[in-house]
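Quick one: the structure is below, and I'll ask about it shortly.
Think of it as A, B, C and D in the order they're written, each chain with its own count starting at 1.
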Amino acid sequence: MSVSVQEADFDVAAEIQAVTAGRCDIGGLAVFIGLVRDLAERADGDPPGSMTLEHYPGMTERQIEEIEAEANVRWPLLATRVVHRVGRLEPGDRIVLVIAASAHRAAAFDACQFLIDWLKTRAPFWKLEQAGDAPGRWVDARASDEDAAARWQGSPPTAG
Amino acid sequence: MSVSVQEADFDVAAEIQAVTAGRCDIGGLAVFIGLVRDLAERADGDPPGSMTLEHYPGMTERQIEEIEAEANVRWPLLATRVVHRVGRLEPGDRIVLVIAASAHRAAAFDACQFLIDWLKTRAPFWKLEQAGDAPGRWVDARASDEDAAARWQGSPPTAG
Amino acid sequence: MHIRYFAWLRQRVGVAEETVAPPAEVGDVAGLLAWLKARGAPYDTAFEPDAAIRVAINQVYARRETPVHAGDEVAFFPPVTGG
Amino acid sequence: MHIRYFAWLRQRVGVAEETVAPPAEVGDVAGLLAWLKARGAPYDTAFEPDAAIRVAINQVYARRETPVHAGDEVAFFPPVTGG
């Protein structure tokens, strides 16, 4: 279990290598990479939008560690890794990396999806979208993210 | 959509880069990497086992292309990529890479899992396990793989 | 007691953090919110809609009825949107 | 007609591929299998258990009742175990 919250981009190959190096018990590695999409509502001619990710230092890492611990209780995992970027990001940039390793693929897939679903509804990050000189727009929480998190049986109700 | 069947190892970072380069419409990338596990039934003192993957050249690529096409019908995907190794592999080696890219993560995860589940039951590969000088043992097909493939609604019955 | 605000709530309040000393009768999150709002602008309208305001005490999610104490770090913020 | 064998079926038959000329009355996969087995060892026992033998004609999965023709590439193999 390992969490990093950082401004710098992450090296996917190095992160995978760190999880798998020197071991022969991992049968399946599920990896999720979240990327900044171009602003959906941008009209033709508008400047490309950037995104700024704010977070709550300390609580963020603690929440993600709890989510990782929960995943390790639910599935027979051999390793998990979460890296989440903060600060200013441009379209096409990577935002988040989730890795889950297990002897078999089903647990790896389920845990990886669980980690990103719970991270999206529980880890204290906030996205501000900005296009050119326009004032930023804080991204709204999505009901679909709540639904995705809620489908994991036994998940406690959303905090707050 | 893209398939490679090859003896050489694959470069995960380069494969991801090829899928994402120059585009800003991908929101989620789901990646699966299958690895060679050490032989489960090996007794203490036995030499580490290797694995040899045989395949049916031509039919393999064709089957995987059909599986990718099916995934692209079922989900709104922006890219898919499958790389599968053949020949001799050692414990810890990578066997297979599956990448599915979509605007949103649910489609990427589902398609990635569908691709590996169907590949496991339909693509003509066969694993031979060998430990030291012992004669090889052909790995048996697993009922759990059939079950995993069958849960994708609308999947036709297993061929043959 | 140290208060922290994030995202649009931080922008509305105008500061990222502040130290406050509510009276002893402020015993839980709901009481603290009411006391903050009673201080007037910008607090009186910053916390709307109430259902959108999440709270954490000492970096752990809390509820309106969770007790607050003098030395706590209390954070208010909108629903999270990371990942 | 070109026949290919893979994995343990290839080992049992002893060759990876061969060209055969079954008589005209061999019209489908089931007929081809019966004709191959009738050639004696090693074919008579190689295809057991029958339920484990998959077949592809011209690199497309086929069934026991699928027709076979003179120019076809017919492959027999065990259940696949890749991934």
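In the analysis below, a residue touches a chain if its C-beta (ideal position, glycine included) is under 8 Å from a C-beta of that chain, and two chains touch if they have at least 3 such contacts.
In this text the structure is predicted, and so the values were computed from the model without any measurement.
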Checklist line | Those chains which touch subunit C and also touch subunit B | finding: A
Note to self: With centres defined as the mean C-alpha position, give me the subunit C-subunit D separation in Å.
What the structure shows: 73
Margin query: So the centre of each chain is just the mean of its C-alpha atoms; given that, what is the distance between subunit A and subunit C in Å?
Written below: 26
Margin query: Roughly how far is subunit A from subunit D, centre to centre by C-alpha average, rounded to an integer in Å?
Written below: 49
Item checked: Residue list for subunit A, restricted to those that touch at least two other chains -> 34, 116
Next item on the list: Mind pulling the residue numbers of subunit C that touch at least two other chains?
Entry: none
Item checked: Chain-chain contacts as defined at top -> A-B, A-C, B-D
Margin query: Touching residues of subunit B toward subunit A in the complex: what are they?
Written below: 11-13, 16, 20, 22-38, 48, 91-92, 103, 105-106, 108-109, 112-113, 116, 148
Checklist line | Contact footprint of subunit C on subunit A as seen in their complex | finding: 34, 53-56, 58-59, 62, 84, 95-96, 116, 119-128, 138-142, 145, 159-160
Margin query: Using the touch definition from the top, list the residues of subunit C that touch subunit A in their complex.
Written below: 4, 6-8, 53-56, 59-63, 75, 77-83
